[in-house]
């Protein structure tokens, strides 16, 4: 594992850039633990101050120090993405591995359902969900809902790998030596699909953060938990752009774009690394 | 004898890759010289990964990175002017291809564009050489198919609608429709079952006699060589180890490797168990020093471990690269 | 049964499944909540000013009928489906008594037009550039285009649209940033009107294209770099077939097959993007309608848009599926 990381860092520029971007964003999120203000306090500093030495990213119209507020926001946003990714990974893994392992009718049935979830437009459903939940909407509930809707694409990828594992010798050995399906899947197949799971995790985090930001900006989430989207929501509520308080919009957007590109580059470079063709070139002989 | 159609001299083609800090050099074709006369069927034999396919790729100038030609030349003589296929322009090469030099490929399954009808492939490959209006061109193609006992309606089929043997017949028709002087046939029968194989071989033989083309015919199947080829070259680990008239080689192979290949052929009434070769073919990224066959050779001595044996003419028209060749057997 | 009829049947089955599961999700979401949409609507309606208890009771009764929230869960399920089947979602609460279907019918053409134009543009351009980039791997310009496309690709639709809004709304105000055409313009089919519609569509189309391009670009590039190693491409090169012909009829033509499947698969998320983008630019499509419906608490409109979206996307996917055999003759043999 360590060797792979070093290899990727040395020979894959996309990976290195992605890692650096993500490290910046993560480091920023970690700063939230040193914030002098709690995240939800407002009017603790003079409002509408442009970036300066005292307030490196300026202050908001609600009298918050944008720098520290942003540390909380990005932390919550990342946490949201990771939560959705982890829960949906579980679903994607179970469905992908079972479909690939069983094949035949089970596979076709599961993939039909799977394709359905890929095709259905999720955004209106999430809006509907918010509409009926209104004040009961919370960060965790949204994460759960999105995880339940967002596993399908990755399940398909995992299934295609699992399908090829089914015909491999070790699977048959496992079956003949009396391993249960669960044992074979967890002990034999899981290690093979893990690389692809890693790369899809990055993409999934991107996807869920993107939707969260979008929903929050529209005010369709719990607007009292600071996230990047909620931050932009409040800026829009105070017509920050018209009022010339550009920093209120600029810094959150910049930071979240860094996160998107960083995660995406990691996903792409990992994908390339696990691609059998590049593997072939690497295997010494 | 007239000038050969193809002269390969000192050819060396390696695969060079570099990924994630690991560089490799695979010496797939190492110092090979041979020549092929007009109207001759030249067989190229050897086990898989002996470099046969790389050699003919290089001869056809189908070179893509990581494959590189490091030394040597491949000279064709169509008409009276010699051309070095690695030293001419793309346009000049385009004029030679299919008109003078065509190709029948390994794995007939995938050589035809799967999403287009066969007719389009004939147009793409041959139209510019035959140089007639469309309806006349199609008539030429239809006549040619009929001469090869193929129904002209294969032109309207998609490749997946044809059987494997049928597809291979169609590619042979495609490769011969411009009446080329030289045909490269790379394992054209390998993927087919035995009965179909026989028909395809007969077809190749027939069209070759009619056109008077030269063919370089590659297969690891020694039985096919015995039935089809005039002369035979044996490759081992990227090198040519023996070459001569097919009949001579089958009667009295001189290189121990060739002797083994021929001894392992099944014969009618043969009941003795076949002896396998010890060990595996060498890794071409790190070939053994000296003669590349020495780790598996029953006749190997010290010099074989130190020096690579040169190709030497042991009897007229029969060359082998071995310090301790098998004894000559009188005809 | 084999060949085309079988293919047709499986695609129709898949279509039915998408609609079935989609509508069920909508039903579950609306019925498994602690919130009573009727009370919600009443609260929204009575937010300002006092209403007599009798009036509220009357309202409650009619809303329950309207929303099909009467009777057992089974009854509600049946009435939910009959509403979907007839396309009758009752009157809109915010634009009473205009039926929801009329509002959606008015907005849908805008969304469809926006989607068709932007998706075709993005798909064609992305595949073309990606195909060229995969074939001519050494081209610097194409490599740069790739980096550009990849930079925008991971950013969500909302942020890209928002950035374009800032650039063309505040920093360099040369393009209209809101609406579907110039205000107070008569909606005849004059050149002026069409020009105005086109100008207003530039930014929404551009933001959809910026995000979408990268996906097609990268997908096509990696497909092409796989396909160039296929036997039929190697064979065409040995046959001295013109390079442009190889690229067009052999490489790209074969790579298009999975890319069309990809298009069908990603219609859902492209639709999401369109809805979001519309809202940013105040484009008069279903996206803007949806967001405003949420803000005014119009339950039947939100539900109507959600179900219509699901059905519309499924129909679009089905259309692509039905056209697919034209591109890949092999499905008929499967």
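Letters A, B and C name the chains as they come in the text, with residue numbers starting at 1 for each one.
In this section, contacts are C-beta pairs under 8 Å (C-beta built on N, C-alpha and C of every residue); 3 or more make two chains touch, one makes a residue touch a chain.
Just so you know, these numbers come straight off a predicted model, no measurement behind them.
In terms of C-beta pairs in contact, the better-connected of the chain pairs A-B and A-C is A-C.
With centres computed as the average of Cα coordinates, no chain lies farther from chain A than B.
Here the spacing of chain B and chain C, counted between their Cα centres, is 54 Å.
In terms of their C-alpha centroids, the spacing between chain A and chain B amounts to 53 Å. Rounded to a whole number, the gap between the C-alpha centres of chain A and chain C is 22 angstrom.
Considering their complex, residues 112-113, 115-125, 127-134, 136, 149, 206, 209-211, 213-214, 217-218, 220, 232, 241, 249, 253, 256-257, 260-261, 263-264, 268 of chain A touch chain C.
Against chain A, in their complex, chain B makes its touches with residues 17-22, 24, 283, 285-286. Every residue of chain C that touches chain B in the complex is listed here, in rising order: 230-232, 234-242, 245, 249-250, 253-254, 257, 327-330, 333. Residues of chain A touching chain B in their complex: 7, 10-12, 278, 281-285. Chain contact summary for the complex, chain B toward chain C: residues 60, 62, 93-98, 102-103, 105, 107, 109-116, 120, 124-125, 158, 160-161.
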